[in-house]
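Attaching a single structure in structure tokens format; questions to follow.
The first chain written gets the first letter, and so on, giving A, B, C and D; residue counts start at 1 in each chain.
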Amino acid sequence: MVTYIIRRLIGAVLMLVIVSMVTFSIFFVVPRIAGATAEGFASRYMGRSANAEMIAVTAEKLGFNDPLPVQYGRWISGVFVGSEYDTGATIEECPAPCFGYSFIRRQPVWPDLVDRIPVTLSLASGAAVIWLLCGVATGVLSALRKGTVFDRAAMSIALAGVSLPVFFTGIVSLVIFSYGLGITAPGGSFTPFLENPVEWAYSLLLPWITLAFLYAASYARLTRAGMLETMSEDYIRTARAKGMKESRVVVRHGLRAALTPILTIFGLDLGLLLGGAVLTESTFSLKGIGDYAVQAIVTNDLPKIMGVTMVAALFVVLASLIVDLLYAVVDPRVRLG
Amino acid sequence: MSAPSSFLELRDLRIHFPTDDGLVKSVDGLSFQLERGKTLGIVGESGSGKSVTSLGILGLHKGGRAKISGEIWLDGEELVTASADHVRTLRGKKMAMIFQDPLSAMHPFYTVGAQIVEAYRIHHPVSKKVARKHAIDMLGRVGIPQPEKRVDSYPHEFSGGMRQRAMIAMALSCDPELLIADEPTTALDVTVQAQILDLMRDLQRDFNAALIVITHDLGVVAELSDDILVMYGGKGIEYGTAEDIFERPEHPYTWGLLGSMPRLDRERSERLLPIKGAPPSLINLPSGCAFHPRCVYADRTGGKSSAEVPELLESDGGHLVRCHLPHEVRRDIWENEIKVNLESS
Amino acid sequence: MTAPLDAPGKTTEVVPEAVLAGAGVKAVQGRSLGQIAWMHLKRDKVALLGAGVVILLIVIAIFAPLIVDVFGHPPNEFHQEMIDTSTMTPKGGTGISGDFLFGVEPVNGRDLFSRVVYGARISLLIAVLATMLSVVIGTVMGVMAGYFGGWVDTVISRTMDVFLAFPLLVFAMALVGVLGQFEKNLGVTGDTLRIGLLIFVIGFFNWPYIGRIIRGQTLSLREREFVDAARSLGARGPYILFREILPNLIAPILIYATLLIPTNVMFEAALSFLGVGIQAPTATWGGMISQAVKFYNVPHFMFFPGMAIFITVLAFNLFGDGLRDALDPKSSR
Amino acid sequence: MNKRSALAFAAAGAALSLGLSACGGGGSETKSADGSSAAPATADAFNAGLEAVFNPSDKKGGVLKMAISEDWDSVDPGDTYYALSWNFVRIYGRSLVTYTPAPGAEGRKLSPDLAEKLGESSDGGKTWTYKLRAGLKFEDGTPITSKDVKYAVLRSMDKETLVNGPTYFNDWLDLPKDFKSVYKTPDVNTDSAIETPDDQTIIFHLKKAYGGFDNFAALPGTIPVPKDKDTGVKYREHVMASGPYKFDKVEAGKQYTLVRNEHWDPATDPIRKALPDSYEISLGVNADDLDNRILSGDLHIDLAGSGVQPAALGRVLGDPTLKARADNPTGARTWYTSIVSDVPPLDNLECRKAVIYGADRVGLQNAYGGEFAGGEIATGLLPPSIGGWKKLDLYPSGTGDVEKAKAALAACGKPDGFETIMSYRADRPKEKATAESLQQALAKVGIKLELKGYPTGDYFALYAGKPDFVKKNGIGLAVNGWGADWNDGFGFMSQIVDSRTIRESGGNYNISIKDKEIDAKIDQIFAETDVAKRDALWGEIDQRVMEQAYVLPGVWSKSVLVRPLGVTNVFVTGAFDMYDYLNLGVQ
């Protein structure tokens, strides 16, 4: 078990290194290949009054002329030891973890992310609870009542659910429930949980439901499939042959096995969401990680884009790590390999 | 319907499954008796309905899509009409089952011990401790070394043989009076097979349970059985004592099975009298005798084979055969055509 | 549902082995895949409906100009006369009429029907081609990983993990942005460039999902009797690969390709919605919805493109599910 | 550059009537220094806030709630170039002179703020002297001296650190060669540019004469900054208030709150009422939600001042009671399309004309938002509210004149039309609509446009404003827009018609006008001291621009603003053509 954990940890770290390299090369190497110049990068960080010489200076100052490995190294070292940026009058500290420094907004990226994480976290976790409960419950029931009206209805709704783009359902619900009926909070509202839990829930209700609907739908389908699969297993028959009550068979023997793979998927989904529920956030104009990413891209603020990509990747890698470990706990067979 | 004297009796049991493609008659009019301490071997190719029968006896088809008719009498109780819940209480306690391929038949997430404990506590309101204790000596009894350690291992940590022993331990944990073993040895290699068979023989003696061994391998039943039922296409086609079946088999299909029976002095794959063709589809059985398309001697029945379904008739002393060939003819073919071949090799 | 589209990860609901069994049926019964599939499919009315709609959509996409010719107006043609110049919304709310089946856009009065119809072109073109790209890369990688195993497997598998760790949508957006700026150096321009970019980005980032499945399939196929048999008969690697393994991969490939298309339709819509899709004035469903957001006081503007996406994705999903059930005896109908 | 408003289009410009008043010389003239109009309006009516102070009052107290859907460049007076910001900054910062808080054209008149009176020029307009009032203090109680003003101006010129602000001082002040910036070369003597003989006096020295220097003195750049409190770009995190309010909470991109600055002495400040006890500004509010909240009254001001979103527009204009709460100013801002005169075949005058003839001017108006939210169809570059404006009638302003266009094409030697590329800011729906409209209209005359959207942030720096990019990519048409930095010909035109302002490195707003004759006229203007003559010359330049068809004018922007409920002294100032944020109060 221990060796297993260690192996996975090393794997996760390696993964992050590679992700960082790829990210870096996509935003710095690819444009170079496509024909961008150091000045091109630099002029992005200059006011409209910048002249060629000033741009050149900045390009030098920001080290866009250095060889790419050097630039990569600088970027990475910033994450661990932090880095400094010349803001004119003073030298701007970007303490570790320095996931880059936006020269457009003149702010380190990390603090921005830190104060956006609560939003995304609230959105994702809330939705997760809803979809996990609804989705799995529906899935199990459909599986057990396979072929009944309930099953068919539930599965039809689920299929519809996975076929609706979240930004569409989001806007429609916003227009109907917020702008129309005025019973839910308008787009863009968010109250920190600690400030006022009730407000918090109220402001996020609509995004939660919208997001959860999509996932619940797909989880219902997954759970149902998994459940049917499991309930046809030999060990279920064995359990019945022991004279076990059916309810117990389903819960203790069926569910446990059926839900294990769901756990994996859930972990990864959550990881990805924490990296930014891009569509939901931009639909409900919630100032979360995803929205931050979009803003960064629109304003073409490379340090932001890279920072947010890395953080998002970090979430995914962590999630999959945790999932793997959990899996090892749930399924004894994994522990060996 | 009157309660029979025998411990287990099936009367004209029919288990049919309606499917999109039509009615699957997995078991179609099966009858037999079995006494305590006796062993019945049910033999047949896959799809002959033998496994369905065993699950049917355990009542595992109840509440499913299956259409069940006929009677199953267990120790004076009729199970087909009995409530599902009542049958459940009998399951595991009065009648238990040993499945083939214990790896998939045991839950991968729970320790072997836990699964035995579970089986025990369903029917005995005892503490986990007591149950665990019981589980350990059950494991001991089925010959698992250091049971107190192995009790906490997971199925995948056991060898195939060990696993099957554990499986048996689980089945016997509530000392059932009827034990059904479905292909108990097919998943195992030859030497282990032997051990397991011995084990089962011994255990049956100790427990004095009625044992049904289901297999496609006559070798296995040869080892264990007092009586043997040969099934084909959901019907019993020959029934008799082990001696009847091995010394005086009368059904061409049985001959085929004997012919394909592995012997120490023969290559496993080598077949003397291969049964040509594949098992019939249970949806639309061949007209008349279900076996006739594969039967070498069908032509000797004057077309009866394909015309009408043969009855299961007594040929001599409790030896029943379902075949259109006249008794003498069958005798004759066995003595002069088959037997000689079997021995000559 | 691509992971980063705030949607469940590309989690397949099919158990590879099950599909394999489907393929296995072929090996055993010598019935052609098509026959089996059809045998089941023709019983599955819903799937047939899905297939029907899919075909219809493809026809619409192909003959868009004709259809628009008959039922509408050129998709980019302005109809200012339909617009109330103070509020910029269609006169009488939607402008729906026999002449404008879905009404008109605010501001410029373009025929919504025509634009939705033309939207199908972009949507399907990108979704299908991107899917093909993913399938090709995914299959090659998957088979290599599964068949050769060892370090090849390790390298490819890790690569797939890396891909799966990326916030796909953000990445796609950024990439389209980054590359889009250097068209001159890329040699192509306009829609061609954009469509190409989108196909590349979507296709290229989706291959691992297929790759994983194919790898799994190949792994278990390698161990199957008929492969052993072939090997024992002295068959060489290539033979086994192409005659024994690939044919048995057709089933899963078909299924996942079909199920990946709707995902990519969503993906394209999302990118267009976020403004990094095809450029104006070319009509895309996602793009129309993002415009419609500003005009939520004229809901028909977002309704029709929204429904278009819904129906398309639904149809492909229905068909995909049906296909899976058909090719996969174990799965539930 | 154009004083941008956040994301959406800035509403700059004065009231409808100013079209006339500019020639007729001013609108409602009766006023007092504090800007309250003689004819106060209290009854709701469409445009009630254009020419009069709506709901005037001197009641103090309350919280004024402002919001904006996006962030703006900076609250640092030396680092900002947004109209809304120049309007808003006056709440906490005081420049040497500023715009009189009064409705309409009156709002464009300058009043002394820190200074006792407007600038005194000597040396033929090359030297400008201001005397500061007595008793001025920063929020920390330290007195405000001319040194602080000088420092503020100098620091605002460091475009590597404070990249956002205007460059007028850089271009005009007579600085020593060896001066780089207050940060790099703090010890270089800069008296040749700005002298501060004593703590009350500040003297500016220009390279060449300029009669309108007071307009420079009104720039936020002259809002004093204490040297020891300057943290370069970080100064935005704590700006030292010189006005009646100081920052309390500063959460960049999220919210600001301002509270009273007890060291501000009303005696030193004749123009500010300082009514509310505090201001609450929330950023990043969903734009539609923002409109709804203003309409419902639980929010007061959309800081962007650029008018309501399309969805709300429908509601407001559709509902008489709501419409009665709306004001519809025309801005000193023109939305137009640059016709790049050195990208073939547009290097040929006739081909350029063909574009203008072919364009559907009504279509363009609609693209920009229609008659109310868009603006009135522009016939020239210069907007009506600017001195020297005269109605030009060189081209038809209907839905496009195919015959004339075809004729022009023939004259250009391209009878079958030609192909070119049109750029626009991708995330600006109205500019996208403009490009689409032009594409449609010109297709009718055989001119085929390929549309290219570029990210707004880099539009001028890397794309349309970068000459070599424009040539390399053959961009013949570029959607563009410009608002006056202040309402005179210089404030509007200098950055967009003078070919000598064009920098190869990019970031140019003048994309298409490279005309020796115009450059000559501009030099003439700088030499000219008489305002009327100067204005006349700007008018001629405007004429020349249209004759040479360097631009296709779209609209003189208008916007639909909604007057807040329960707010006093609401009026549209001609200086920014949005509500004047200086003297708003809460009932």
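Quick note on the criterion: a contact is a pair of C-beta atoms (placed from the backbone, for glycine too) under 8 Å apart; a residue touches a chain by one contact, two chains touch by 3 or more.
Bear in mind that the values here come from a model prediction, so they are computed numbers and not experimental data.
A count of contacting C-beta pairs for A-D and for A-C identifies A-C as the more extensively joined pair. Distance from per-chain Cα centroids to the pooled protein Cα centroid is smallest for A.
The centroid of the Cα atoms in subunit A and the matching centroid in subunit D are 41 Å apart. Here the CA centre of subunit A is 22 Å from the CA centre of subunit C.
Separating the centre of subunit B from that of subunit D, both taken as means of CA atoms, is a distance of 93 Å. In terms of their C-alpha centroids, the spacing between subunit A and subunit B amounts to 54 Å. Shown for subunit D are the residues in touch with two or more other chains, namely 288, 427, 455, 462. Counting only residues that touch two or more partner chains, subunit A has 179, 298, 300. Checking each pair of chains for touch leaves A-B, A-C, A-D, C-D. The touching residues of subunit A, counted against subunit B in their complex, run 233-235, 237-245, 253, 256-257, 260, 330-333.
Subunit C contributes residues 1, 3-9, 11, 13-15, 18, 158, 161-162, 164-167, 169-171, 173-175, 177-179, 181-182, 184-186, 262, 266, 269-270, 273-276, 286, 289-290, 292-293, 296, 299, 302, 306, 309-310, 313-314, 317-318, 321, 330-332 to its touches with subunit A in the complex.
Residues 288, 309-311, 313-315, 317-318, 360, 362-363, 365-367, 369-373, 399, 426-427, 429, 432-433, 435-437, 439-440, 450-455, 462, 472-473 of subunit D are the ones that touch subunit C when the two sit in their complex. The touching residues of subunit A, counted against subunit D in their complex, run 39-40, 43-52, 54-55, 57-58, 87-90, 92, 104-107, 112, 179, 186-189, 285, 287, 298-301.
Taken in their complex, subunit B has these residues touching subunit A: 55, 58, 60, 88-93, 96-97, 99, 101, 104-109, 118-119, 122-123, 154, 156, 170.
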